[in-house]
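Below are structures written as structure tokens.
Two complexes, one shared chain (chain A), two partners (chain B, chain C).
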Partner chain A sequence: MSSLLIAEQVLNGLQSGIMLFLMAAGLTLIFGVMGLINLAHGSLYMIGAFAAAAVAGATGSFLLALVAALIAAACAGAIVEMVVIRRLYHAPHLDQVLATFALILIFSEGTRWVFGSFPLFLDIPEALSGPVTLPGGIQYPLYRLALIGAGLAVAAGLWFLTARTRIGIQIRAGENDREMIAALGVDISKLYTLVFALGAGLAGLAGALVGAIQSVQVGMGEPVLILAFVVIVIGGIGSIKGAFIGALLVGLTDTLGGIFLPELFKLFMAPDAATQTGSALASMAIYILMSLVLIWRPSGLFGVRL
Partner chain B sequence: MKKLLLATAAMALMANAAISEVKVGMITTLSGGGAGLGIDVRDGFMLAIEQSGRNDIEVVIEDDQRKPDIAVQLADKMIQSEKVDVLTGIIWSNLAMAVVPATVAQGKFYLSPNAGPSALAGKGCHGNYFNVAWQNDNLHEGAGAYANTAGYKNSFILAPNYPAGKDALTGYKRFFEGELAGEIYTKLGQTDYAAEIAQIRASGADSVFFFLPGGMGISFLKQYADSGVDLPVVGPAFSFDQGILQAVGDAALGVVNTSQWNKDIDNATNAAFVESFQAKYGRLPSLYASQGFDTANLLISAVAKADVSDADAFRAALEAAEFDSTRGDFKFGSNHHPVQTIYAREVIKEGDVYTNKIIGTALENHADAYAGECKM
Partner chain C sequence: MIGERYLNLLVLAALMAVPLWALAADEPFTITLATRAVILALAAVGLNIALGMGGLVSLGHAVFFGLGGYAMGILASHAQSYTPLELFGLTIEGTKSMPVIWLTAIIISALAAWGIGLLSLRTSGVYFIMITLAFGQMFYYFAISWSAYGGEDGLSIYVRNGFPGLNTLVPIEYFGLCFAVLCLALLLNARLQGSPFGLALNAARQVPARVETVGLDPMRLKLLAFVLSGAITGLAGALFADLNRFVSPTMFSWQLSGELIVLIVIGGVGRLMGPVIGACLFVTLEHWLGGITEFWHVFLGAILLLIVLFARGGIVGLLTGKEGPHV
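Let's turn to the complex of A and B:
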């Protein structure tokens, strides 16, 4: 196994981690600020991808497609917050889970109704297609590098928003004590809608970015949603920094585990059995990581509350 | 009064039963990620029923949501309260394994338009179970055979880590005579293949075989095309069917895949099927649609010859398989699975539409590897 391959796999792990972060950031913000478990977050990811595919198909512009994805998902998020979620803030978590699960079904079948049952086509823009050669001779797809760049830019923007702006102060205050900031005259319901739309927009953006290299189809959000939940549990619920570190950890564990565990088992097992055992164990790797982190820090890496 | 109403209702039901001689239950996937396959099977099946003009075949259609427990509930409901004579429609092997053994044990017939798990072709075969599509391994065996004729010596092979994935790699290895540069089981439902593609690049293989049905295949092909790895790819038709090719786009052009059917197989039935399917549904049929169409025509041919209540006669009529198949001559092997030709197809672009063209034959009159274990 060459060092070139290892370096390429680390890049792959980073890239998948950073895309996970876009999903997890919205999820953790919504949970942190509103205390809401939003299972429908994956549907917003799907809406972003479908909006991007539809706009890219009509206009041919990938940039417009990204903007459309962001707006469509943010609007869907804002509407969902105002129509459904707003009634659930004081409801027990079980009711929230039920209601947002119902939203998944509504969004999935609604999308099928509008776009049909067959996957849509969304391709990466011409300017970003094909591989580039990195220093050291690694051939790496340019689009994936762009994904890493875009993800880092969003992370920096989010950090700036939460740490340096007035809205960010309100969001952080809302996480700590929602009654108090309402008493201080902040329009809490507007803040909630805003946070929800922001989280939804990020999910939609991730859906569009990733949709270009994957398949844009109904139900594409749910597998990512599960990973995003793992990320926010590892990172500590409500912490953006935690979501970032958690996402990178999960991305790297998932990618590198899938490659190296089968190789590791080949050292002392027959290749056939090693591939099977290694693959099985690799599927568990992120959950093992999650349990280890929870044993060490029960509220996650950067979690403050239990 | 109530009793009278009940009696009337019962009589109405009986009258209804007398009109429709054969009742068919179709359990297939019409919602969720894999719905495209079920919809194609259903549309192909119903097209054949409609074209036959028979009003003595009644079809009840239900959605299994790709969940084995739901499929089992639906099967129970159809057999016990709907009183169907024949079940059909299941797409996925794990669902078929949950439904088929119990169905045939109750004396009902099951005609599979898609799933062909090895367990039902070998030791678990049954006189009332017929597979009209293929045994799961068939198309992969065809791919292995094609790889030999194409002169590949060192293949990298990958499939998802679940029973059909293992059958796929086994099927390919059964016929491929070269070496393996690598063998990977990916996660079921995996959407990112960057890590696997990096391994392919580093492995020194001269060809890639993959079985990644549905969305997994779309993701893999798009990422593969963008990675700069330009080894030839071969796979079964499941990643290159009409439903998903449009979503893969240029990334699929030129890829060779194996199938028992294609729209350019030259016979009158097939030409009429492709034309009428396109006219009715506004899209090109996939191999799944052709399987649904053939399944319905097999059923119609048997209904015309024998009464379904006479199980032995009906079984014999099914075994004879005297219907015009979209694949040309159709015949069953001893285990009620087709003995058929597997073609190699290449993905091409016709105008704006991506589709397949037959470029050769991978396996001639091919029977499955499990027929010998079947004692019927």
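Let's turn to the complex of A and C:
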């Protein structure tokens, strides 16, 4: 196994991790501020991808497609928050799970109704297609590199928003004591809608960005949603820093496990059996990682002690 | 408003009457539908022990359903191909006998529930929901990548397994068998609710601190409830696999876990017959709405949303006028 291959896989892992972060950041923010578990976050990811595919198909512009994904998902998020989610803030977790599960059913089948069951395709823009040669002679797709860059830029922007702006202060205050900031004159329900729309927009953006390297289809959001859950369980619910570290860990474990575990088992098993066992174990690797983190720290790496 | 006891008897009588009517009218498909409802009800009765009594919102109960299914699939496929199963140096003969398969399904799912419970119960609330969901996915992906037993394509069993004294290939006889198992599980559930264990579990759901003060360990109570719950759902999985004569990784899918919770909530959380009513309604809706439109999940979603927002006690709550236990 060459070091070039390893470097390439590490980059792949980083790329999938950073896209996961965009999903996980919204989830963890929504949980941190509103205390809400949102299963429908994957549907917002799907809405972003579909909006991007539709707009790209109509206009041919990838940039417009990204803007459309962001706006469509954020608007869908805001509407859902005002119509349904708002009633659930004080409800038990079971109700939140069920209501957002119902939203998934409605969104998924509704999208299938409108767009049909066949996957749509979103093309990588001309300027970002093709490989690029990195130092060390690694050939790597430019678009994936751009995804890493875009994700890091969003992460930096999110950090700036929460740490340095007035809205960010309100969001962080809302996490700690919602009654107090309401008493200080912040319109808490507007703030909640805003946070929800922000998380939804991030999910939609991730959907559109990833949609260009995978196919855009109904049900694309749920596998990512569950990975994002794993991420925030590892990182600690409510912590954006935790979501970032967790996302990178999960992305790298998932990608590298698929390559290295079968090789590792070949050292002491017959090749056939090794490939079988290795790939079966690789598909479970992130969940094993999650269990280990939980045994060590039940509330995640950066979570508040329960 | 009617009493819950009468409602329960009424539901069981109706559930038994439908296939008998179908037998008379010669509509075997309706019997199969009723069997499906009974088996889903059994799975949900299992989940209801963890969810309704223990307050454990497990979004990964499909794990046990799938394990039960694969217990049946693996044993029957070895019997079908006359090859023994080699496991850690042990040689196990395949079997086509339901009682043996059921026992295996129960033991395996109970063991899995013990392991998963031990890890997941270290946490609570949202963490618990997400972790059980993640364990469900873990088994799902494992089943997909494990090509020895069909991988993504699943396993087909050509002939339904046998039960001493019954011809399980006759739809009504298989229905009767499943119905009897469901009744036993309901009986167990009813006994459990009045038992010291059930009372302690209820208390552990509501005020864990007080339960601890009187010298009981809430964690152990919940773990036991989770194991019992997983074992019953596993048994339902074995029955379900035998109904379809097919096992596939979709039995592990998280949608199924979600649907099991949906069944309970439609019927009524923590009610004895909640899961049964929910399963009957679900199968009826699936068949009826599914016949009208391909996109029936939209309507299921809408109904579910209305129940969650406006009718918290589910159908049992609506009919008896009493709110159920809070989870």
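Quick notes on this one:
Convention: the second predicted complex is superposed on the first by the 305 of 306 C-alpha atoms of A that agree within 3 Å, B and C clash if a C-alpha of one lies under 4 Å from a C-alpha of the other, contacts with A are read in each partner's own complex, and residues count from 1 in each chain.
FYI, a residue touches a chain if its C-beta (ideal position, glycine included) is under 8 Å from a C-beta of that chain, and two chains touch if they have at least 3 such contacts.
In this text, all values refer to a predicted model and were calculated from it rather than measured experimentally.
In the three-chain model built by superposing on chain A, chain B clashes with chain C. With both structures placed on the common chain, the touch criterion links A:283 to chain B and to chain C. In the superposed pair of complexes, A:28 makes contact with neither chain B nor chain C.
In the superposition on chain A, contact of A:108 is made with both chain B and chain C. In the superposition on chain A, A:4 makes contact with chain B only, not with chain C. Once chain A of one complex is fitted onto chain A of the other, the partner contacts of A:94 are limited to chain C, with no touch recorded for chain B. In the three-chain superposition, chain B clashes with chain C only at 150-158, the remaining stretches of 60-68, 150-158, 186-194 or 258-266 being clear. Looking at chain A, you'll find residues 108-109, 112, 276, 279-280, 282-283 touch chain B in one structure and chain C in the other.
Note for the complex: chain C touches chain A at residues 51, 57, 59, 119, 122-127, 129-131, 133-135, 137-138, 141-142, 144-148, 254, 258, 261-262, 265, 269, 295-298, 300-302, 304-305, 308-309, 312, 326-327. On chain A, the positions that touch chain C within their shared complex are 31, 37, 84, 87, 91-95, 97-99, 101-106, 108-110, 112-113, 222, 226, 229-230, 232-233, 237, 276, 279-280, 282-284, 287-288, 290-291, 294-295, 298-299, 306. Chain contact summary for the complex, chain B toward chain A: residues 31-33, 35-36, 39, 161, 183-187, 189, 191-192, 194-196, 198-199, 201-202, 214-216, 218-219, 222-223, 226-228, 243-244, 246-250.
Interface residues of chain A, counted against chain B in their complex, comprise 1-2, 4-5, 8-9, 12-13, 15-16, 108-109, 112, 117-121, 123-124, 129-131, 139, 141, 143-144, 210, 212-220, 223-224, 255-256, 258-259, 262, 271-272, 275-276, 279-280, 282-283.
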